[in-house]
Structures are given as C-alpha cells and as structure tokens.
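We call the chains A, B, C, D and E, going by the order they appear; numbering starts again at 1 in every chain.
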Amino acid sequence: DQLDTVIQRGTLNCGVVLDFPPMGYFDENNNPAGFDVDYCNDLGEALGVDVNVLNLTWGERIPSLVSGKTDVVIGSTSDTLERAKTVGFTYPYFVFKFQVIAHEDKNIQSFDDLKNLKVGAALGTTYETEYLAYAEQQGWGKDNYTSFKSENDAYLGLYQGKVDAIISTNTNIATKLRSEEFDDFVAGPYVPNYDDVVGIIAKRDEVAWINYLNLFLVRQIRDGNMNEAYNKHFGTDVPADLIKTLRDNK
Amino acid sequence: MDYEFHWNVVFQNMPQLLNGAFVTLHVSVLAMLLGIVIAILLAIAKMNNTKFFSQVATVWVEIARNTPALFQIYMAYFGLGAFGIHLSPYAAVLSALVFINAGYLTETFRGGFQSIPSTQYSASKSLGMTSFQAYWHIILPQMLRRIYHPMTNQFVWSILMSSLGILVGMSELSGTTQRLQSLSFRTLEFFIVAAVMYFIITKLVLFGSSLLARRLFKGEI
Amino acid sequence: MISVQNVHKSFGDLEVLKGVSLDVQKGEVVSVIGGSGSGKSTLLYCINAIETINSGKILVDDVDVHARDTNKDKLRQKLGMVFQQWNSFPHMTVLENAALAPRIVKKMSKEEAMEIAKKELEHVGLGDKLDVYPTKMSGGQQQRLAIARAMAMRPDYMLLDEVTSALDPELVGEVLDTLRMLAEDGMTMICVTHEMGFARDVSDRVAYFHQGVIAEIGEARQVITDPQNPLTQKFLSKVR
Amino acid sequence: MGSLFTPLSWSDSGLILTGVWNTIIISVLAIVVGTVLGLIVGFARAESNRWVNMLFGGVLDVLRSVPLIIQLILFSTFMGAAGSPLAPFVAGSIVLSLYTMAFMSEVFRGGFESVSPSMQIAARSLGMTKWQTIYHIRLPIGLRAVFPSWLGVSLSVIKDSALVSVIGYMELLRTSEQLISRTQQPLEILIGVGIFYFIISYPLSHYGRYVERKMAI
Amino acid sequence: MISVQNVHKSFGDLEVLKGVSLDVQKGEVVSVIGGSGSGKSTLLYCINAIETINSGKILVDDVDVHARDTNKDKLRQKLGMVFQQWNSFPHMTVLENAALAPRIVKKMSKEEAMEIAKKELEHVGLGDKLDVYPTKMSGGQQQRLAIARAMAMRPDYMLLDEVTSALDPELVGEVLDTLRMLAEDGMTMICVTHEMGFARDVSDRVAYFHQGVIAEIGEARQVITDPQNPLTQKFLSKVR
C-alpha cells in the first residue's frame, strides 16, 4: 500500500499550498517554508525518507492526490463531509478562524459591515463558501464578491485595491499584518459561528497510511514538534485552547 | 483503475454549470463583437497613410499576436491593477480577449480586403459607381465572404480561451467547474462534463455559423 | 466623340504612353492592336479616367475627362467598359450583376433596372441564365454578361480590352458575334484585340500600338492585310 | 522570521532562467513531436478514404474543440486516477504534443492536398512509382507550401505552453507568479514575461509573413 | 507501335470513349483534333495507363497496357507525356527537373542523368537556364522544359495534350517549333492540338474526335483542308 510505496521509493511527495503564509510560502531564496512544510519534513524524518515538497493551489490539492502526484497533502484542508466522500482525512492538525482583513479606512466593526463592500477570497476555499452562504442568507447577492485563483492573488487584489476586504484565516492575516506593506490594513471581525478544522489528506482507501498519519499527528503534539513549529512561525507557544480543540475534535 | 465515479454531484450542480456556460458564451460573443469593431478601425488605421495611426495599429497588432493570452489576462487583471485600474475578472478576461481578437482580426480584414482583385473596383468604377458605392455593393460583400471563415475560427478560439477565466477567478464554465470540484473534490467528473460542454458549444457555434453562411452567401466566390 | 490629344502617361519611371492622339467619331469602331505591354490597356483606362494622365488631353463629347471639376463618376456612365479578365461580381446573380448599376447609379426603380438588365442579357443570349451565379458559367458567358452589364447603363461608347483573350478558343466566337451585333447596332467602340479577323472585318479603322505610340493607323482592311509600317508588318507576321 | 515580501533581486535570476528554459524545452518538444505526428496523420488523411478520415477527424476535432487548460487538467488527473501518475512535465508534454498534432495535421493535410493531381500525374507519366512521386514531388512541394502555416502553429504552441503551468509545470509564467506572490511587484515581472515571449515570437512571425508574401508572388 | 483497339471508357454514367481504334506506327506523327469534352485527353491517359479502360485493348509494342501483370511504371518510361498545363516541379531547378526521372526511375548515376538532361534542355533551347527555377520562366519555356523532361527518359513515343493551349499567343510559336524538330528527328507522336496549321503541316495523319469516337481520320492535309465528314467540316469552320 501507500505506506510501503513511500518507504520503498525513499521519497515522500508532500503537497503544500505555498501561498498561504505562515503555513506555506516561499522564503527570499525561493525555497518552500512554513508550518506545513515543517510538518512535511517531520513526516519524512519519521518515515526515514527524503521529502519532495510540491507547490499546490487550493484547487490542485485533491487532483494531485487522486492523480498520485502527491502521497499526502498537508494543506490546511477543511474536513467537510462532502469532501470526505472523495478523500481520506486524518485527525485535525490545526484550527483556523476565518477573519476579515481590510483597509483601516473601511472601519469594519462587525461582519454585517461587509454588506456594501467589495469582498474577495480565494477560489474553492471553505471561507469562500462560508462567506457566500452568509451573504446569501443576508440577501446581499453575489455582485460585490470577487474570487481569486489563489490566496496570494487575493492579497494582491486587496493590496492593489481591487476589493475592499478579503476573507482569510486569522493566522495568515496575522502574518500579513506584520509586514510593512500591510501597515494600513487591519484585521476585522471573524466569520460568525465557524471554526475551520483542518486535516491532512490522503487517498481515501489508504487506511493504513491514514492510520500512520494519525499517529504522526498525535506524536507531533506529544513530542513537542508542533510547539516548535508554532513557535517558529507564530512567535508564541501553541495556545492551550488550540491543543484542546484538536483533542476534542479527534 | 480504482477510481469511483460519482456523477450525482455533477448533475445536482448542473444549473450552475449551465450558468457558467452561458457566461462563457456571453463573454466570447461580446469579445468578438467589440473585437470586430476595433479591428475595422485598426485595419483602416493600418492602411492609412498617416504614420501615427498606422504605427499605433501596428503596435497593437504585434503585441496581441506575439504574447500569450494568459499573459494578456494577467496583465489586464494585476498589471493594470498596479496602476489602480481595477477590472473585475469578467472585465479583465473580456478586455484581454477583445485586445487579442482585434489584433488577429485586423490582419484578417486587411488580408480579406487585399484579396479582392483591384479589377473589381475598376469594373465598378467603369459602371459609374462612386467609390462608396463600389465598396459598399461590391468590395465589402465579397470581403465578408472571404473573412467569414477565419472570423468563425476566431470566435471558436475566443470561446476556448475564455477558459483562462479560471485563472482570475471568473465564473465562466471553467471557473465554475473549478469551484464546484473544489467543494466536492470530484475533479474528473466535473472536468469531463466541462469538456463535453465546450465541445458542444463549439460545435453549435460552427453549425450555426455554417447555417448563417448558407443564408448570407447564396452565390459562391 | 472621343478625342485623345497627345497624351503622355508614366508609371513611376516607366513611360507607357508617349504622346498618343486618336479621334473616334460617333458610330465608328476602332480596333487597337499591338504587342504586350505596348500601352493599349492603359489608353483605355485613361479614357475612362480610371488612370490619371501626365500631360495631353482627353475629351469625351467635348468634356475634358481629366479636368479637376469633371464629375468622373457621371462621365463613366457614358463609357461602357469590358475587361480582358471577366469581372463579373461573384456574389450576385447574372440579373443582379446587370441591374445593379442602373439601380444604384442611375437611381432607377428596382423593376425598371431589372427590366433593362433583362433586355440586355437576352440580347447577348443569356436570357436563360438570369438567376445563375456567374461563377457557374463559362468564360464566354461571363464575358457576355460583362458586355450586357455595361450596355445596361446605356452608354454612348464602349471600350473593350481584349475581351476574348482569356477565353478558350471555342468560346471566342460567341463573344465576337456579340460585339459584331453591337457594331451593327451602331455603337461607338474602341476594341483592343488580338483577333485580327475581327479587327479586319468589323472595325472601321485599326490602330497599331508600338511601345506607347500609335505606329500606324488606317482603314481596317488595309492595315491588316497590307500594313505600311515595317513594325506592323513584323507584328502581324508573328501573330498569324 | 523575515519579511514575507522581499523585492525582486539578482538571486531570482536562477529561478527565472529555469522558467525560461522549461518553457523553451516543452515548446520545442511539443513542436517536434506534434510536427512528426501531424505529418503522419495529415498524410494519412490526405490519402485515405472517407471512413478513416471521419474516425481521425473525430478525435482531432475533440482536441481542437476543448480548451487546452481543460485537457491538461483532465489528462493529468485521469492518469493519476488510473494509477499511473505523470510528472507535470510528462503530462504537459503529451497533451501539448497531441494538441499541436491536431493543428499540424490539418496544416499538412492542406499542404498535401494543395499539390495538384496533375502534378502527380506528370510525375507518374515519367515512370515514377507511387512512392517516388510522394517522396520526390508531393512531400517537398506540399511542405514548402505550408511552411508559413507551420510556423504560425508553432508560435501559438510556444504561447500556449504557458498553460501547462496549471498542472504544476514550472514554466516561465508560473515562476513569475511565484515571484509576484513573494514580491508583490506584478507589473515589472509581467512586463518582463511579455517581452520574453515577444522577442521569440515577433521575428519568427515576421519571417513567416515574409515567406508567405514571397511565395504568393 | 501503339495500337488502340475498340476502347470503351466511362466515368460513372458518362461514356467518354465509345469504341476508339487507332494504330500509330513507329515514326508516325498523328494529330488528334476535336471539340472540348470529346475525350481526346482521356484517350492519351488511357494509353499511358493513367486511366483504366472498361473494354477493348491497348497495345504498346505488343504489350497489353491494361493487363494485370503489366508493370505500368516500366511501361510509362517508354511513353513520354506532356500536358496542357505545364507541370514543372517548382522546388527544383530546370536541370534537376529534367534529371530527376532518369536518376530515380532509370537509376542512372547523378552525372549521367545530368548529362542527358542537359543535352535535352539544350535541344529545346533552354541550355542557358539550367540553374533557374521554373517558376521564374515564361509558360513557353516551362512547356519546353516539360518536353525536355519527358525526352530525357528517352521514350519511344510522345503523347502531347494541347501543349500550347494555355500559352500566350506570342509563346505558342517557340513550342510548336520544338515539336516540329522532334517530328523531324523521327519521334513517334500523338498530338492533341487546337493548332490546325501545326496539325496540317507537321503530322502525317489527323484524327477528328467527336463525342467519344473518331469521326474522321486520314492524311493530314486532306482532313484539314478538305474534310469529308460534315461534323469535321463544321468543327473546322468554327475553329478557324
């Protein structure tokens, strides 16, 4: 099975979305870096194989698995039941909050302030779906909404002023706000009532492989690797409530 | 092959796909119409003796013909964005397609015009027609016949290239397909259906165009 | 009458007409013969104001063809012209071909134009081809169409430029017969031609063109059968 | 942790060159393979009867009526799902080559059919065999006639190769996207990309038109 | 000798040759005249096995042309053929045009083939055009090239299909002169032609084709100047 295949091949093809800092991005030497990339490396080390990090867009995550280009995707994949019909999810390994980021002039206090603003998000993400669902429920219509091919395009769009606000994850927003390009931007309200619980994904029928990955995730917490990676990319220890949510969701 | 096909989810989302197909058709028709209008102006400008006009036309034509469509679309979207000009994905794709269509059609029009033997013009003049009458009754109708086929091809090309809308998050057929597949992760199913829909659209367009040609051009060249 | 007076015409550095003079009276038929490139077609184009001239003068019914204030479109209505390469309009039926100019140039009603066109087409023997597209016809038929199309404008003069030379030998006859008929009807004509028999039998006078000048001109039978100029003699011996 | 957005620098030239190189490699490969296959299919189509033609025609029709981007995604996903995943380069080369073949075969077919039957009869009347006629007369005349169209298709393949980025091949446009996301300098980078394509395409397309004009005379 | 024996040939429903018989002896020149579509070209194509026949027989030097086991490529080496439309190969120089078939069909060495080709080209007056591409030459020159190209195969017979009818009148002479020369050299020829003077002066016999049959055949001068069959009379009066 897949586990044997990887071990025999001696290389782990690990898919990561590399325009989603700090989970995945390119450093100034154009090398992959980020929380997810560290997880890939940890996984490779655990397996005793080399790691080949593949750069994916959101939309490519599943095709890359189905097509066998990747053995595993550590790419902040939200664990919806619809998707679970197609791919196998591990236990959650991270939880995001969906948040708004906008220019400070827009002065967004609540999620409902988005009503007449131009809002964007990356195509095919859960927060896109969540925003659209909320917008429809509120009767805002779709005209003010723009979807972007990738997370980076969304930030570029916000930066250039194509849209007034975008929806992204709290982690990504926090990272962006620390760079001077986004000095004039502020983080806004969270998307109401939604925790984005994400897992590692692999082929649905590779049960043994998914088992292995599950244990790997547990050990990441237990062995302190998670804390180390979190420190490296978020500058603090893993918050206790994140650990708790991960345990609860297991 | 151990892939299990799930077609249900595709059929549930058929209305959205059809809507995407409509947007595809919409943007390509518009891109074609605007492209034709601009191409006529550019072709006239190119054959004009005023250097400025013919140079502007030449630059347009050469850039449109010698750079990838994908580049044009990025340029219209993020390139112009750097100047604070913000086009919606729809407008970006539309303007890129118009830009390219105009570039290619300019050459088509010019070629079509030059392929009408000048003797047709002298023959018309010798019958006492004014220049305008000669163009309107004799040159243009014949030219239209010759450029009709290349124009149809350009239209089909526009339809196919509008699929690049997927890259700027436009909700045409490809973009819609991409969104739907990322929700359910049924990549193969959705893209197969999209491929079939593109095939049908282009076949319908070609069929319609040959029907129209038969009505328009009873005489042969 | 058509009066060509010492006309010079150059294309760039190439002088094609080097002082040509020729008067054609009402009712007269003049054939123009001569080698390829000698300027025969150019002369017809200049008479019809399709080409400009460099010096000299061309008068048609005392109107200076090349004067600035001459309405050339109007003038051309008087001058029917038929070309070597049949120039039927391929996107129209035979009848539409012949009726177009009367309708849009002379502003006739559609019926009236059709009427006249039909009459001329019947005259040249195309009465049964009215709804055919010209591309489906033989060269001879297309050439007769071109004659009928010109005649439908009721011109006072006809200028004919080697109307048979692009035709298969068997089709030449039918077109020449049509021209003969026109001549008998009293039409004034200038015919550039390679058909010496036609030039001899149908025209009143023949002009031999050589390198942009009229080297010899005279009564038709005489020029063809007993040319005076050695150049004409040489040309005729080659052609026969 | 350094800044996320670092400006374009000389150290990026390696990446850009990789992109340029990859674009050139995959384009050349697709043009060569597409030309060879197109030649065979085009010749077969010019020679063969209606039924064979309809069969070929149907397949080629699909290749020409479905957007390249969809073909790329479908093919690479399908191969993976079928259990033999292909590297982006391989999948991209295959699809791009077949796509090129579809257009080339029409070009060549037109070329072969443009050699008048009377020309071939003339050759046969000299005692040449069918294959001698094909080899010495039909191929060389047909090929010469289609050179400008061949060049046109090749140039469009170079431009279309940008689409192989969607299945993860690091050609020029994808490397530049990566740089854009790091530098947030879309304009400079895109213009550079545009200039690259223009420099390759413009002289060749001019040459093609020159040859075409020369042949028309 | 070429012996055509009661040959029938149809294209679909259209019977083009309706029982044609004709013997051509070694050294003889036979001209074939007749209206368009009467089947003259088809006859030549059948002799050369480019077209099949429906019934009858054609023998070339006692070999049955249309027999299954006849090597037709081999046979055609004996039969030189020149067509109405000059078919020079545009991608080769004049010399290469003429040397190609000797080289690849007769497997001569390159030098030998060039040698022969050069001789034939000089013979038709193209000795100074060896390295020119045929597209740069006049129709008459291309047609002479076609003759030289066929002659370079050293054929025993020449079949000529209206070789002058696509030429400008001024170029006809040079090609006819070339053919006259061939005839004087004793070449056996069947010439389909519209040039009555040529048929009369150069050929031994003339055959008049009418709707797929030979309506009249006889001594050349007699058929042309004093035809017996009313159909021939009518045809000749039209052509002249």
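The rule is simple: a contact is a pair of C-beta atoms (placed from the backbone, for glycine too) under 8 Å apart; a residue touches a chain by one contact, two chains touch by 3 or more.
Given the structure is predicted, the values throughout are model-derived calculations rather than measurements.
Here the C-alpha atoms of subunit C line up with those of subunit E after a rotation of 175°, rounded in steps of 5. Of all chains, the one whose Cα centroid sits at the greatest distance from that of subunit D is C.
Seen from the C-alpha centroid of subunit B, the farthest chain centroid is that of E. Counting C-beta pairs in contact, the chain pair with the largest number is B-D. Taking each chain's centre as the average of its CA atoms, subunit C and subunit E sit 37 Å apart. As a whole-number value, the distance joining the C-alpha centres of subunit B and subunit D reads 20 Å.
Taking each chain's centre as the mean of its C-alpha atoms, subunit A lies 82 Å from subunit E. In subunit B, 2-3, 78, 81-82, 166-167, 187-188 are the positions where the chain touches two or more neighbouring chains simultaneously. Contacts with at least two other chains are made by residues 73, 77-78, 81, 83, 180, 186 of subunit D. Every pair of chains meeting the touch criterion is listed here: A-B, A-D, B-C, B-D, C-E, D-E.
Those residues of subunit E that touch subunit D in the complex are listed here as 45, 48, 50, 73-74, 76-77, 79-81, 83, 85, 87, 89-91, 100-101, 104-106, 146, 149-150, 153. Put simply, subunit A touches subunit D in their complex at residues 18-19, 21-22, 25-30, 54-56, 60, 63-69, 150, 152-153, 156, 159, 175-176, 178-181, 232-233, 235. By the touch criterion stated above, subunit D contacts subunit E in their complex at residues 116, 118-119, 121-129, 132, 136-137, 140-141, 144.
Here subunit E touches subunit C in the complex through residues 35-36, 165, 168-170, 173, 194, 238-239, going by the rule given at the top. Residue ranges on subunit A touching subunit B, taken from their complex, read 58-59, 62-63, 66, 80, 82-83, 85-87, 123-125, 128-129, 146-149, 153, 156-157, 160-162, 205.
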